[in-house]
Amino acid sequence: MTRRLRLGMVGGGQGAFIGAVHRIAARLDDRFELVAAALSSDPQRAQASADELGVARSYASWDEMARAEAARDDGIDAVSIVTPNHLHAPVATAFLEAGIHVICDKPLAMTLEEGEALAKLARDKNRLFALTHTYSGYPMVRHARELVEAGELGEVRVVQVEYAQDWLAKPIELTGENRQAVWRTDPKQAGRAGCLGDIGTHAYHLAAFVTGMLPIEIAAELHTFVEGRQVDDHIQAMLRYDKGARGMLWASQVASGAENALRLRVYGTKAGIAFDQENPNELLFTPLGGATQRLTRGRVDSDVARHATRVPAGHPEGYLEAFAQLYKDAALQIEAIDAGLPLPPESRLLTTVEDGVAGLRFIDAVFTSNEQLAYTRVKNG
Amino acid sequence: MTRRLRLGMVGGGQGAFIGAVHRIAARLDDRFELVAAALSSDPQRAQASADELGVARSYASWDEMARAEAARDDGIDAVSIVTPNHLHAPVATAFLEAGIHVICDKPLAMTLEEGEALAKLARDKNRLFALTHTYSGYPMVRHARELVEAGELGEVRVVQVEYAQDWLAKPIELTGENRQAVWRTDPKQAGRAGCLGDIGTHAYHLAAFVTGMLPIEIAAELHTFVEGRQVDDHIQAMLRYDKGARGMLWASQVASGAENALRLRVYGTKAGIAFDQENPNELLFTPLGGATQRLTRGRVDSDVARHATRVPAGHPEGYLEAFAQLYKDAALQIEAIDAGLPLPPESRLLTTVEDGVAGLRFIDAVFTSNEQLAYTRVKNG
Amino acid sequence: MTRRLRLGMVGGGQGAFIGAVHRIAARLDDRFELVAAALSSDPQRAQASADELGVARSYASWDEMARAEAARDDGIDAVSIVTPNHLHAPVATAFLEAGIHVICDKPLAMTLEEGEALAKLARDKNRLFALTHTYSGYPMVRHARELVEAGELGEVRVVQVEYAQDWLAKPIELTGENRQAVWRTDPKQAGRAGCLGDIGTHAYHLAAFVTGMLPIEIAAELHTFVEGRQVDDHIQAMLRYDKGARGMLWASQVASGAENALRLRVYGTKAGIAFDQENPNELLFTPLGGATQRLTRGRVDSDVARHATRVPAGHPEGYLEAFAQLYKDAALQIEAIDAGLPLPPESRLLTTVEDGVAGLRFIDAVFTSNEQLAYTRVKNG
Amino acid sequence: MTRRLRLGMVGGGQGAFIGAVHRIAARLDDRFELVAAALSSDPQRAQASADELGVARSYASWDEMARAEAARDDGIDAVSIVTPNHLHAPVATAFLEAGIHVICDKPLAMTLEEGEALAKLARDKNRLFALTHTYSGYPMVRHARELVEAGELGEVRVVQVEYAQDWLAKPIELTGENRQAVWRTDPKQAGRAGCLGDIGTHAYHLAAFVTGMLPIEIAAELHTFVEGRQVDDHIQAMLRYDKGARGMLWASQVASGAENALRLRVYGTKAGIAFDQENPNELLFTPLGGATQRLTRGRVDSDVARHATRVPAGHPEGYLEAFAQLYKDAALQIEAIDAGLPLPPESRLLTTVEDGVAGLRFIDAVFTSNEQLAYTRVKNG
């Protein structure tokens, strides 16, 4: 039997959205068992949450948890970090120091320095550091990457990526009812990058994941539409790549009508592709001058798509399955690392701490460009 | 903590499709733990499968399993039956007799008589008998039902339901490679209804579930396109309902290009709706003479949709989540039955053994109509 | 210069919908000039309409017009008949007798006998008799036909065709405000077939046009949902073809939410196609087990599509262009007939009087089946 | 009877694409009759084209035509200019000087100075100067404008507009076979702005038309992907509007797979809209946090949509009808001007010479920004 790995969790207590998602994702493919947790910084809520979830070992604090679990023979193999952003780095550091593998929600850290330190520590400790850029877990996103890598698009010329939501179109953080809104717009908990850090980095990662390219230069602007908001709620950027490709990225949390509209289009010299996260079971592929093909995960001959799916084409998979895929790949890598074996090739598309560092570099570049960017006046009559 | 229910499984060993789906579905919402199984009629394969899955108690036969589990203090609360169709009734009977709740893959049984006997037995024993008509687990299907029930469509006039696949367009059962194809086209294992039993009944159930109506009369034809096939691979029917509504149903496993195209459209005096299983996160609603609205699960104010979803709108859910919903509702009902309480209202949409009986009655009516139906000649020139 | 043909029109005065459509269609490709008309049975309205449209010669009656135009050296080459249905046959007869080519709105006639007589007369007089089954003028419909003919679908197995509207969901003919509704639901003007004659025949023709097959047997039912209506407003039918293909056809004018939803799907042994009249610039083509391709008129290598289009792919064409195509083909055929030449091959897809006769045979068969059809009772519990 | 206006044409001889489009557009609503033309700068081709089209008066040169037509009692009311871009200004000047109304293909002129001079001349002469920004003729584009104007979107926050094609992805101008490609990539005939002038200005105009806003500042980049090409084939820009709105615009003629993908999205504080030129019969409207509505021209209560359509909803209209709408509006305005009456309100959405000037100002600003724009380096590891 394939042993279930022992998983711990920090954050994600009652009322938290992303913690529940991580738990389902960890469970879905039956490779993890949640056995320990520090579910809240509030000890009572931590315990109540643990009871509700049936977690065997509940801790009042994550540093205690890291020490205690490291000391146990049956201690956790890995920890999921699902706290607000400002705790990602300190928590991850504690568990890496304790020799425990880390699966961390994005963004990686509050600053590039923090992020680079985490990357170094993970390398030094030879521990897995997986970052849950969920959307790279979709079979058709992975297939898109393969198409680019295999040259099916020719040389990439144009990248268009966007992530639109509307849930922050009004100042809902001010009433305090929506806990998500409160911490995600609070620079102390979320970092200085608001929409940029929350979803802009997802768009950035998706484009990089599929094209295999990072932009070398950007012209970007941060904007806050909602009065009183402490962070940006809209970001727009133009991108330049080193072989001459051009691109654009925008993300907005005030785009009225948009639910979770992460979309990527890539145009190469031979073909173009389009992916829409809200309809993730298909990938559109159009050869230059030709007819669009609707590729679906079960009907492409693709090892990476097969590895990332559970049911036949026509039986839609979604966000939770994409998330579960990251956990499945993490399990494969944890077992290999613990056994001193090379990482299994089929797990190679798992998002890494380096991807997180790239995201932090992008955030820095956006802030810099936002200050430097000179617009040109249009001489309207 | 909410206790995880102890689940057993009959069928679903290595290589089986639907067994793995049931296991994910049972696990997804963390209400069940698989602790016992008779995964194959081949004892060695049963054991190997159990080892691979880490199931604590493996049985060589399901009748032994029913007896043994009933005798244990920590015996299973419920059993999932995922065998080929011909075993549904005997296995379910054994577990019901042993006082164990049943969750059974569809179709319910090989004959109407078998099905009615099961329904009676479940009632007599006061045990849950849930039938996994997966597609009724989708939030937007449940919301569609609510819309009809609330009168938002007015009086239903026209029902159009269809289920198209293409995986049996060639005689793939003859080579034996595709085990699914072999047993599903073998009347001894699948029953006399091929496409009709496999997917026609899904279409029939979906229409009934959403409209709350069963047809009172049908004109139907069974057809086998693929030479040498022992069962039908195409079925078409016209439907009449008791208040004058009309409808059509067709299902085909030779519809080239179709993956898993289950679609329902209902037109009432006030509005029409359309649902497509391959794009299950939306429901189209169009008032008479008006603009189509794309309803999504997170953006309708709907208790039934909320109960059947896990993540916000824009984060797509799929087939496995719909399946998991049936298990979640089953858990709620099992706990209530065991506690002698009324079934929780939020679980009321779970498919019942009576739905299965209705499906068997439809199968019978199709076979009868297929013999009686008189076509009229068109006098082509 | 290619001479513009001289066109006459009967019917289509002020307030009529289809007359204006025919005039735009005749004008669009610049092959016809409207020079004579009997636009209304009311002489004053006829004259007022002619004045408004700038038609040179206005007649108070169509029989006078037929005689007078036949007698002129510069008399009309062809007449467009856009009256209510009951006048199609008498008007067409008068003009054919006068040696004038006929372009007639559908349905061809009130009865099969009338229709067959017209077909014979057109043959005897060697005059064009074009019937405006508009939807066969779409480039992608013509390309679909070519795909079937060329064997790209393999042998046709399943035909699904439907035509849904909602404009007659209420008894709007009773108020008299909607003139269309009044005459189209009046058996004396529209014939005994309501929805069946108005749009059911379009669906029937589209399926026949694309597949090249007529059903040999049908099981059909007419239904009237709206109380007090004198004709059917819904029709459903099952179809059998002579090489074993099966099919379904339904048409409804009470399908709440439907605008003009004429849709055809054809599944063959090798591939399936789907066409939706409301999105006519694309044709979906899906090989067995493969990915759907979105074919567009400018991006398929297709003589018939090229012949039926005016602007590049991506520049959408619509209903009026499809209609114009019939006029363009009619012009080609009229010139050939008048010159004693064979019909130009590129015009060969123009709908003929024989297509109209086939439609009338279908109407007859539906009425017969509607009386003979025996439904089978479903033994609901 | 409404008199048909007498129309002349300059350019658009055999083999030209846009000339034929203008002729169909002028004819479609029966408000113009083409009676005079200088169809080619090659006198023989001019005459041959005129003969083929049946144009009564053919001229070897446009200046001769302007003089001669102005001198006739039955001279043309208006001239359509469909030459390559470099001739727009001189030809338009000649006809305006001759007191003849002008309908001109876009872009207005080669330089802003030329364009401003034309605008002044048209004002001074009190002649119509209509510019055929086709896409503003679509009913749903006009309805979109009305929605914004009526405040249905609230305050506009984000504008996303794009225009993607792939027909210039390869250096097809070098072979000379494609005449369109040759002149449109030749700065002497097309101007210094390639993709920017050809389609970027369409995108710019569409956004301005719908939102009623022009950006006050831009950050833009021109790019040429195809080696040896003399003009840009890709342009990307970020936009700032004066009340704080933000936006992006991109246009590309190397976007593999794109046919004629002009798309606009506008997000306001209350709702968002989306329009796709390739599917022009619908407009998507989504309230903040709500369900998307698919608005269609016949099902919205909209004077501007009704004025711009000919057939009921569900009967698709397309590019030619949108183009015809501009001619229809031009006819209304010409009659009013000639009669000394105010312009009819229903024609008010016709594109003006001022719109053309705004487009030229945008082109200038893009070239300026392209030189000034400072990108920021991303410090990739």
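Labels A, B, C and D are assigned to the chains in the order they are written; within every chain, residues are numbered from 1.
The rule we apply is simple: a residue touches a chain if its C-beta (ideal position, glycine included) is under 8 Å from a C-beta of that chain, and two chains touch if they have at least 3 such contacts.
Keep in mind it's a predicted model, so treat the numbers as computed, not measured.
The interface with the greater count of contacting C-beta pairs, when A-B is set against B-C, is B-C.
Measuring from the averaged C-alpha position of chain B to that of chain C gives a distance of 42 Å. One finds 55 Å separating the Cα centroids of chain B and chain D.
Distance between chain A and chain B, defined via averaged C-alpha coordinates, is recorded as 35 Å. Among all residues of chain D, those that touch two or more other chains are 258, 285, 289-290, 292, 296, 299.
Chain contacts here are complete: no pair of chains fails to touch. Within the complex, the chain A residues that touch chain D are 153-154, 157-158, 160, 162, 164, 166-167, 169-170, 214-221, 223, 225, 234, 236-238, 240, 244, 246-248, 250, 252, 254-258, 267-272, 285-290, 292, 354, 357-358, 361-362, 364-365, 368-369, 372-381. Across the interface of their complex, chain B is touched by residues 285, 289-296, 299-300 of chain D. Within the complex, the chain C residues that touch chain D are 1-4, 17, 20-21, 23-24, 27-30, 51-54, 165, 258-261, 277-281, 296, 298-299, 310-321.
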